[in-house]
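Given below, in the form of structure tokens, are the structures.
Below are two complexes that have chain A in common, paired first with chain B and then with chain C.
== the complex of A and B ==
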């Protein structure tokens, strides 16, 4: 390789991380744009609109027409979409069709509450899952490893809502009544000021993701332990702890980061169900309400937030993987 | 758009989101009872259900907080006294605003803000005298001007309140202020239903100059905060015109879409009152030591057949389908043995409901005979069903099985409530939901040809309509009853409605909450009159 140094590396080669980041960002923005079109089209395809949803069976034709005028639903689909998109580009997310207040003001508290839920669940899921996985990988095929295999498999076989119902039954309604069964965060405060209300939803989500984190981490570590360089390190007579921490773990980081990213994404979807069960005021519940009300600006905003979250997490995970695996970076920047 | 009594609720809640799982049935005469427990009138069965009335549970205590978990809410929740749409609106609005008249325990209209409400000799002019000394939350006294302003807002054709339809006989342009506390309501003709229609939820009095988004009423509670789709808090109105009332200091109402969340919240002590329960929740609440308030309601979840479309345009087919229904089985399986058995005419609790008409029972061989006569020995139908009220799906599935016995194959076509509402009144064969209404109000909404806004069955009979016109125009109660009975005979024989049962209203309470009563008019919790509720 040394001889090739004379060739002047391209910008892309010199700034490999930045290049990856920029191209992912570009694709991300295109994806977001396509998402907004699909969601808008989908809301138009649903039978009924916000006017009929608001009026329900009060909906005499005259009243529907009047309401549609008030909500500007009588304009063409394209002009509705353009009005919405140009608003977004100016940082204006529009107003809810069902209650008239600004979508941002309406959804911001929900976004924050959901973020608290997701971050806490990811945190607890990781600090439980990763140490267990390390221990199991170090003691592969021993009793602990086998017991954990059964436990994690059982948990991942239980649907999320059953986990939630079980926890409620055990800790809130039937066996012990020590925790709130429902997590209705009072209006005007965020979820962090009511930690008791967070316990069961966070526990549900953490429990649901622990098996994935555990199994991915364990498998990645075992791969690393069985690799040639670890073998070599062992043959050199290095101590087992040094072998695992210095040689094996860094090479297992990439898959762990990927699984963490996937878990975040899974959580962003999983909160819809958990928020519904616990009546937790987050965006999952907000989305369910908005869809049944045909509240297009609110639907758009929430879906856009979720899509943005997916894309950002993906980019971050990709970049982080590159950071911890220099091998792949060099492979990438090597001349073709 | 709906109109009268329970109606108020009736259609309204059918509204989109909300119609799902609420139940706000209405009732009318309901249960006998007075004392403490009662409710559960209907069933011979009815283990249980208890509720302490204002008397029960000892001497009322002041202070404390009522924490409600309410079903069927959503981001369209609003506190607009002229256009209450979703079930939580019906819970919140009466705490802040009050109408001229409310129902008494036997569902007779009694004046509330009014001192008296009287017709002239033929019912073409009604005179309302207001109580003196009532003030709005901002200190402004209640006067005739407020009443006139309110009704002109409701009747404004450009932006009508939901109650406009039921009051269209009122000549709202010519309401007359006789003195500070007296208003005359001239009508376009004799209008016997004026007083009976007033207790409905669309006629809350607002102060002159009121606009949407203002929460200044005369009610027992003052609004502190409200976030649509989430929660509201209210505090005791210290200047309430009935001294000593209300007993509690605070009322918190939170939306809980899921029934299981409401039940869990009550059991784990996060709230102390929950509404809109289905029969399967009864056992769990009982075993957890909660109070239940089970009222017989007059609401119903009918199957509607469009009488203008084949095969339902043949009266034999309609009758055959009515004869397929095993009503007691539906009442037991779907409604836990509570509620009343239907006989295909509405308004179970209307004093004029004709209990003398023979009860239709399942008669498969007669149904088969009628279908054969109509040339439909093998009939396949598509029944459109949406979540209308608790038990809607099991009711439809039972009907499906029962009709199969007579060789009728019913395919269930499940749609969302928004889809359902979008083509409401156009479905050939569908389920539906109505709260309890007085008979004539229900007729006005549902069965008067093209003048009924919610004519699901496209029923159109000129003799029936002339009977209706006579009935509405007479103040003579016995004559009105005769006319109504004649109309009900027509409904019974040939309407497009299959009414298997009238639904129970099931509410759950913590054992520490007292002062509840039966919900005869069809809403939950003593018809949402919380003034005498108190907390241990």
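== the complex of A and C ==
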């Protein structure tokens, strides 16, 4: 922003990070509010009697009545929504329709298990993908780079569940029987009590995200390497290592942070199928079970947690990008 | 390309250039490999139902029997021939994936082009709506919709189509923005061309490359998501064969006859790899990029 006159910096400019953070947080909260409306509308307010849909063939008039009361179906849509939302704001997520216990108590261990899965996958995906990308970017269009382009394209094209099935076949059943195929962790138990069960799900998810990390990091680094300031650094006669680490890398950090954020978001969807195949007791498997059983409060809670996770990661990634690239703080006056 | 005598030159040139892009794509190594993979799977799905060695729905052998001379891929959870079920189980998935992709990319393109062309309030509202929808992982959005209406096949198609909409809208919006600022759009407005006409006859032909890339990427996604839903038990009612459903049925016997799971999984992977490779070849030819920026927008 080349302004014609030197003006006194506004509050927004002096507290740039804080201002951006506040505005992102505001937009995040608005998004979350609309998400609650969508979730509520999709699960409870759609035409058709949700109570008899839930009860299916077991529906007797008395049971329908009871379920209607539990879901507040006998009230107006607005007051139903309000009752539901205020319950959630007070930390009351309702009771599971399948066994009557509190949704929070049922889902909390699953949340933690899934979080472990996602964090480990993101960690291993990054420590595999980023070094490969740095090497490929330094040797652009050489053999390694071209071979990796084909490999990453193929891996990213394979659906997650196929990767899972292949890994099970190779490591757990047919070729070697070194690892357990499906976990036997009962629901409500934490995954770290038997780390061996984490190996294959984590391997699947890491493998699935490596291509994304690799390609984004490589593209960002190549952009930086081809920029004028790196050219200048080279012409000054600086050593190649110094040029790449001190000059190019800091400018490639922003896209890499964005990719890491995207990976968490991608994993939030990826866990659904992978957890199901490995019978891993996380929220992905919980969601599938809840959808099969039409356990509305559980579906609502899991979908809301995943959406909240998405919004929080987005805000954190945006802010982290601004922390590492000060010049972007001014370029983006309107929240994108 | 046969164009009638007095057609304006511009569309003819455009059509010729488009044909050139496809031909160029097929000439690249990636293009050939991708096309071969896709054709293989389409042929299996289309001809397969007529050449099944045994009826796909009837029990003909032991449960989870290993591959043999009679059953090349062994038998499944009910002693049915895995090969027959693979041959008969593809077309429903392919039709559903194609329908979901065309609907989703079509609606997404309309939303994206409208946002780019109308700007202002319409743009803001549409793109905020897109932001909100992106807060749901795609498969979660579909599961949410299925949870109420039940796993009907038409609902799966519509839900998957709908789940493509926000990401496609974003990509097409950013591709259309440059176009809407060009002089010929201003001249169209000067001669009071209708807005629908401007969108479909003037903006659309100028974003075909990103649109084709989106179609390819989304087709692969649709296949994976629909097969994934079938694998979770939300699909055709038994005993209908389906590649996703077969994984669901046979996963318990993976250590006895892995082919009941592997065969459908591998053929789905051949299809998605083929579609992605072909799309990648097309993107390199027509957009001259290695697709990284597009992919970024697709995921964001």
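The working rule: the second predicted complex is superposed on the first by the 281 of 336 C-alpha atoms of A that agree within 3 Å, B and C clash if a C-alpha of one lies under 4 Å from a C-alpha of the other, contacts with A are read in each partner's own complex, and residues count from 1 in each chain.
Simple rule for what comes next: a contact is a pair of C-beta atoms (placed from the backbone, for glycine too) under 8 Å apart; a residue touches a chain by one contact, two chains touch by 3 or more.
Treat the numbers as computed from the prediction; the structure is a model and nothing was measured.
A.B. asks: Going by the contact rule set out at the top, does A:294 touch chain B (first), chain C (second), both, or neither?
C.D. replies: In the superposition, A:294 contacts both chain B and chain C.
A.B. asks: In the overlaid three-chain picture, which partner chain does A:281 touch, first (chain B) or second (chain C), both, or neither?
C.D. replies: The answer is first: A:281 touches chain B but not chain C.
A.B. asks: On the superposed three-chain arrangement, identify whether chain B or chain C touches more chain A residues.
C.D. replies: After superposing on chain A, more of chain A is contacted by C.
A.B. asks: Identify the partner contact of A:262: answer first if only chain B is touched, second if only chain C is, both if each is, neither if none is.
C.D. replies: After superposing on A, A:262 lies in contact with chain C but is clear of chain B.
A.B. asks: Output check: A:168 vs chain B and chain C. Expected answer is one of first, second, both, neither. What do you get?
C.D. replies: Both partners.
A.B. asks: Return first, second, both or neither, reflecting whether A:38 touches chain B, chain C, both chains, or no partner chain.
C.D. replies: Touch partner of A:38: chain C, not chain B.
A.B. asks: Between chain B and chain C, whom does A:158 touch in the aligned arrangement: first, second, both, or neither?
C.D. replies: second
A.B. asks: After overlaying the two complexes on chain A, where does the chain B footprint on chain A coincide with the chain C footprint?
C.D. replies: Of chain A, residues 46, 48, 53, 168, 172-173, 181, 276-277, 288, 290, 292, 294 contact chain B in one complex and chain C in the other.
A.B. asks: Quick check: in the complex, which residue numbers of chain A touch chain C?
C.D. replies: Going through chain A, the ones touching chain C are 31-32, 34-35, 38-39, 42-43, 46, 48, 50, 53, 149, 153-154, 156-162, 165-166, 168-169, 172-174, 181, 212, 215-216, 218-219, 258, 262, 265-266, 268-270, 272-273, 276-277, 287-288, 290-292, 294, 296, 299, 303, 306-307, 310-311.
A.B. asks: Over in the complex, which chain C residues touch chain A? Could you list them?
C.D. replies: These residues of chain C touch chain A: 131-132, 134-140, 143-150, 220, 223-224, 227-228, 231-234, 247, 251, 254-255, 258, 261-262, 265-266, 268-269, 272-273, 275-277, 280, 290, 292-293, 295-296, 299-300.
A.B. asks: In the complex formed with chain B, which residues of chain A make contact?
C.D. replies: For chain A paired with chain B, touching residues are 46-48, 52-60, 63, 66, 96, 98-99, 106, 168, 172-173, 177, 179-182, 184, 186-188, 276-279, 281, 285-286, 288-290, 292-295, 298.
A.B. asks: How about chain B: which of its residues touch chain A in the complex?
C.D. replies: Those in contact with chain A are residues 1-2, 11-19, 69, 74-78, 85, 158-160, 162, 225, 227-231, 233, 254, 256-258, 260-261, 264-265, 267-270, 288, 416-419, 421-424, 453-454.
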